[in-house]
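Look at the two complexes coming up: chain A is in both, with chain B in one and chain C in the other.
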Partner chain A sequence: MTTTSPRRERRLLARALVGPTVGITIRRSLFFFMLFLAVIGPWIETIGQWIPMPVYDPLRPDPFNPVSPPSAEHWFGTDTLGLDIFTRVIVATRVDFTLALIGVMLGGGLGCLAGAWASYRRGWVDMIALRIVEVVQSFPVLLLGIALFAALGSLEIFGPVDNGMAVLVIAISLVNFPLYLRQVRSVLLPLTEAEFVQAAKCAGLGAWGIVWHHFIPNARGQILALFPLTCAYAIQIIAGLSFIGLGIEPPNPEWGSMIKTGATLIVQGHWWVSVFPGAFIVLSVYSLTGFSARSETLVGPGGTSA
Partner chain B sequence: MFLANRVVVLAVVLLAVVMIGFTITRSTGTPLYASLGVAVSEAIIEQRAEEMGLNEPIVVQFWTYLTHLLQGDLGVSRISRIPVAEDIALKLPATAEMVFFTLVVSFIWAIPLGVRAGLRPGGRLAKLGEGMAQFGVSVPAFWLGLLFIFLLYFLPPRINFVIPVIDLAVGPFPPLFPPPLGRLGGVDPPAMVTGFYTVDALIAGDFRLAWEALWHLILPAVTLSLTSGPPLFRVTRTAVSEALASPFVEAAYSYGLGRRTVLIRDVLRNASPPVLNLAAMTFGYLIGGGVLVEVVFSWPGIGSYAVWGMDNSDYDVVLAVVIIAAVIYVILYFIVDLIQFAMDPRLRD
Partner chain C sequence: MNSGPADGALLTLSGVEVTINTLSGPVHPLQGVDLEVFPGETVGLVGESGCGKSMTLRSILRLMPPGGAITGGTVEWQDRSVLDLDTDELQTYRGSEVAMIYQNPVTALDPMLSVERQIVDAFKANREVLDGAPEEFAREALRDLEFGNPDAILKRYPHQLSGGMAQRVNIALALACGPSLILADEPTTGLDMTTQVRVLDLLEQQVHARNAALLFISHDLRAVARVARNIGIMYAGRVVEFGPRERILTEPSHPYARALLECVDLRTDERPRSIPGLVPRMTEVYPLCAFRERCVSRMAVCDEEPLPRHELGGRRRLLCHLGPGHD
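Right, the complex of A and B next:
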């Protein structure tokens, strides 16, 4: 139906061989760069002494230099308190990555188990699992976060753990639980009648044994494909909640709360306060999604409107 | 049978939604200090708790809330003392209008590009669409909104330079968009009919006002559309390419029908259900999902209302918005399901 000229064909072939891999490689190296930043975060000041890079204490205000534009002393400028944005943006990488990772692992892990269990048991267990998914997913993510903060935000029930961070992790895991449950269930449902399951049953393996040893490994590919996407999504949720003042309290570096600081300044032309933290969010989300070959499977309608 | 089944499920889900929302926001120790402050005597606190029914067991409280909810009573704001239902009636149309125009913008870019990408994968427009989708997925909506405000509102009046060789003065330009301060710039809103300012102004015959309202809508709508449109683009692309590869399209071609006829009669018609389905879901989702964009543009919708309630520890407000948004989503989902069932005979066995 469509005719292809030889030139076009050659171009398509070249792209198939080189094109996508180059793009993906760039994105993956970008991710490892972000990971590197997350690792060195707390020692950024020490590193600044070895290589010529203007880094400062991310928490020490400089009252003589508030809202100064990007310069040689402050590469990304300073905010209202005179805090150096370059340093803070780097230090914040670890905060955002860690919270996203913990939240996704917690909620995703439970979701996988529940999904495998539901697809093994079927019947009413499956039905209840699906209803739970339906109910949780009918709450808009950010409103769910707001409600959680309304409930838990002022309670000091997490002991030594920072309250805002704990609630953020709970919110992220609550969002991820149904995503993983659904995905795992849809992969495993056809396997319930498979011969190896029958064999395992005959061999006397219990239900949890079958779920753990035979079901979950079969969904590994799906879980791994979902993992980077949900981490990216989690970063956006963390930043979004911090943007409305929930989660990480302002003097601590976090991308969303840094954007919040700059939100009122941007109509006065002080763009750098918000632009750089936001650019780091974009970079990390973009690099993370590079890990999923199946980036089509987005998390839901308007999935990333965080 | 199917219908009865779905209605029962709908009722159960709605009840669960209200229950979860209720328990989450009520599980705080005492919301009293939040509304009264700390410097009040025990007696006043006790009296207020009695008034608000907080001494009852939580099940009784839930029952009271539920029965009031069914009568359209969502409680009273503890700060402004205005019934929450009244506030929501004012703010929901603002959100709905923004979300509606978001979908309009998405229908302008995401769906045509998706159709094109499905028809000709690897083409220039397909790549443009994929690029926009990648961008929209990676960028946080609130940050994109701020960027737009800076580039299109703040910057144009400050562009002022002369191109040296040809001696051409450039700028200053007027701001392309209004300041991010809500639905209208200090003008009285039109008489309330639908709550959509653009429509109300047209009903009142005031074209200037309608334009003003539209002008204020564009940036929030474009921001939300760029970030919520990617799934629409991708679903359209998949649906079109699947329809194109199907046997009925091959059959249509073999009848000797023209390309255009097949495209409209077979490809687009068969590709539309999943797309419309997703569009409806996106609408339902964005009612509560556009919170941050509302905050950025000071849009007086239910999202900013929830944030306001949160900031003031006004939990009835938060609870009401959460429940309203979730209920709208669930009901839309239900309607979409019904329509699909009515349209597709294959689902009826």
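Right, the complex of A and C next:
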């Protein structure tokens, strides 16, 4: 094998972003489009002044125009309060993406460290870690969320942070912690007796040194593959909890709570109120899976497919 | 059995016993190993697979496999007992005073980290003060091991190295922290014949240049004979004969050592011989001689009395009822 040349590195980077197949390329471009929406979300009104696009204040109701179907003025129609769904769906992108990201990074990060530590220490540390995983995973996710909201929802202990958002992040972290712990632990378990770990011990590296310098990098591929999937899962959890009225409270835009607004209208034929936010959930989850598929292109040493 | 640390020895093992508890019962890979390594010298240990060579090295570093423990004897480093070191002292002892080179050079390197990261990490772990950039030290370390283009090698990952290159990187890693003793666990077994000689010579040369001692184990008597001044023959968890190279290679006293030499004697045109019988199972403890079932010189006393220990002077030692005087 030759050393990675700059040209080869560029090609690998391009392949990681674009993807090896058409389907994956579509999903990844879709993701970058969603990411773009998440970035511009809060400034959508300002942007609407420059390019011809019917955007409105996502929080100002229009009492004369409730539940109007998609039209040139309201591309995705309006809801019961006359709020413009097109604007709100875009603004909600950032809320869902940010909360999912923070929750997954927090819970996943702790899960990775705990998993690596458990696989390194084995014995009773490993046993306790696995029992915690089993306890958390024995709850249905939504039930766990409801319980958390019941316990923490009314406590104003998060300072300036919105209470609902804080509890959502905690719920997502709690769900992700065991996922990452299990995955990382199972990948790293055979490493304890690996020669290079022995060699690292011989070189005088301490326990944390080995976990940090050798264990975590060796689980990189699995962590990278798990990350987009769990983000997609987290978006579903956020939407699910908001749908049953926990988390982001109306009128703040969030896909799950928007679906709830339209849930009773759909039988009357007013489909657009639920369908557009629902479609955005589907699209964002679908686009994120594009990074887990074939993610082995990212996992080899030095970003090469080994 | 224990005779206390020899004067001036860097490392003294006396009567080291190791027991590993496995699911199918205890295993006793070491049953009383005696060994001394003096500063700057090269000692070789030879024996069949399973005779406890690797376990001897592991007990020197106190790196036991799961379920394993040192159950008897002492390991002394200069005047300290290795078995009494606490976690911090043990970390300093490993790497800075004793370093190890493994049999399989590629798996001994972390597949996910570049060569540079691994060498730099080793420097950082063991040297509190570095007068210069660690990357510069890494480059120097590779240059010492005759890499023509260290900068390119530093950027590589283990799968991009050949076996010989990987083993030279491992040697650089082991030498990185300036240990006074290098343990080498069959460092050339996984390499081509031509590469073996080169790596062996480099290892010897670099160890001597640093005035370090080398404890070299192998089942290849020729490789050991090439580098070691003193050679120990291991059988069933004991060093059954120890002595200067010339003595061991020309007139060994222990029947097992003789049989071993006959196996590798390539001067005759006969087919290489093997030693009849099987290596004893290490699930038992052998207070009597473990070789007697296969021994051509078996006597009545071998089945009755525990293994005697003959100190023959000049660091020669023999564990056999025959004693040194026989022919």
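Keep this in mind: the second predicted complex is superposed on the first by the 273 of 306 C-alpha atoms of A that agree within 3 Å, B and C clash if a C-alpha of one lies under 4 Å from a C-alpha of the other, contacts with A are read in each partner's own complex, and residues count from 1 in each chain.
Simple rule for what comes next: a residue touches a chain if its C-beta (ideal position, glycine included) is under 8 Å from a C-beta of that chain, and two chains touch if they have at least 3 such contacts.
If you're wondering where the values come from, they're calculated on a predicted model, not measured in any experiment.
Looking at A:Ala203, would you say it contacts chain B, chain C, both, or neither? Reply first, second, both or neither.
second
Which chain, chain B or chain C, ends up touching more residues of chain A in the combined arrangement?
Looking at chain B versus chain C, the one contacting more residues of chain A is B.
Name the contact category of A:Gln49: first (chain B only), second (chain C only), both, or neither.
neither
Could you tell me if A:Val141 is touching chain B, chain C, both of them or neither one (first, second, both, neither)?
Only chain B; A:Val141 stays clear of chain C.
With the two structures laid over each other on chain A, which partner does A:Arg220 touch: chain B (first), chain C (second), both, or neither?
Touch status of A:Arg220: second partner only.
Identify the residues of chain A that lie in both the chain B contact region and the chain C contact region.
Comparing the two interfaces on chain A, one with chain B and one with chain C, the shared residues are 1-2, 301-302, 304, 306.
In their shared complex, at which residues does chain A touch chain C?
Result: residues 1-4, 122, 192-196, 198-206, 209, 213-214, 217-218, 220, 301-302, 304, 306 of chain A touch chain C.
For chain A, which residues are in contact with chain B within the complex?
Chain A reaches chain B through residues 1-2, 12, 15, 131, 134-136, 138-144, 146-152, 154-155, 232, 236, 239-240, 243-246, 256, 259, 262-263, 266-269, 271, 274-275, 278, 281-282, 285-286, 289, 295-296, 298, 300-306.
Where on chain C does chain A make contact in their complex?
Answer in residue numbers: 61, 63, 65-66, 87, 91-96, 98-100, 102-104, 107-114, 117, 121-122, 125-126, 152, 155-160, 170, 173-174, 176-177, 183.
Please output the residues of chain B touching chain A within their complex, sorted ascending.
The touching residues are 9, 12-13, 16-17, 20-21, 24-29, 120, 122, 134, 136-143, 146-147, 149-150, 153-154, 158, 179-180, 224, 227-228, 230-231, 234, 238, 253, 278, 281-282, 284-293, 295-296, 303, 306-307, 310-311, 313, 315, 318-319, 321-322, 325-326, 329-330, 333.
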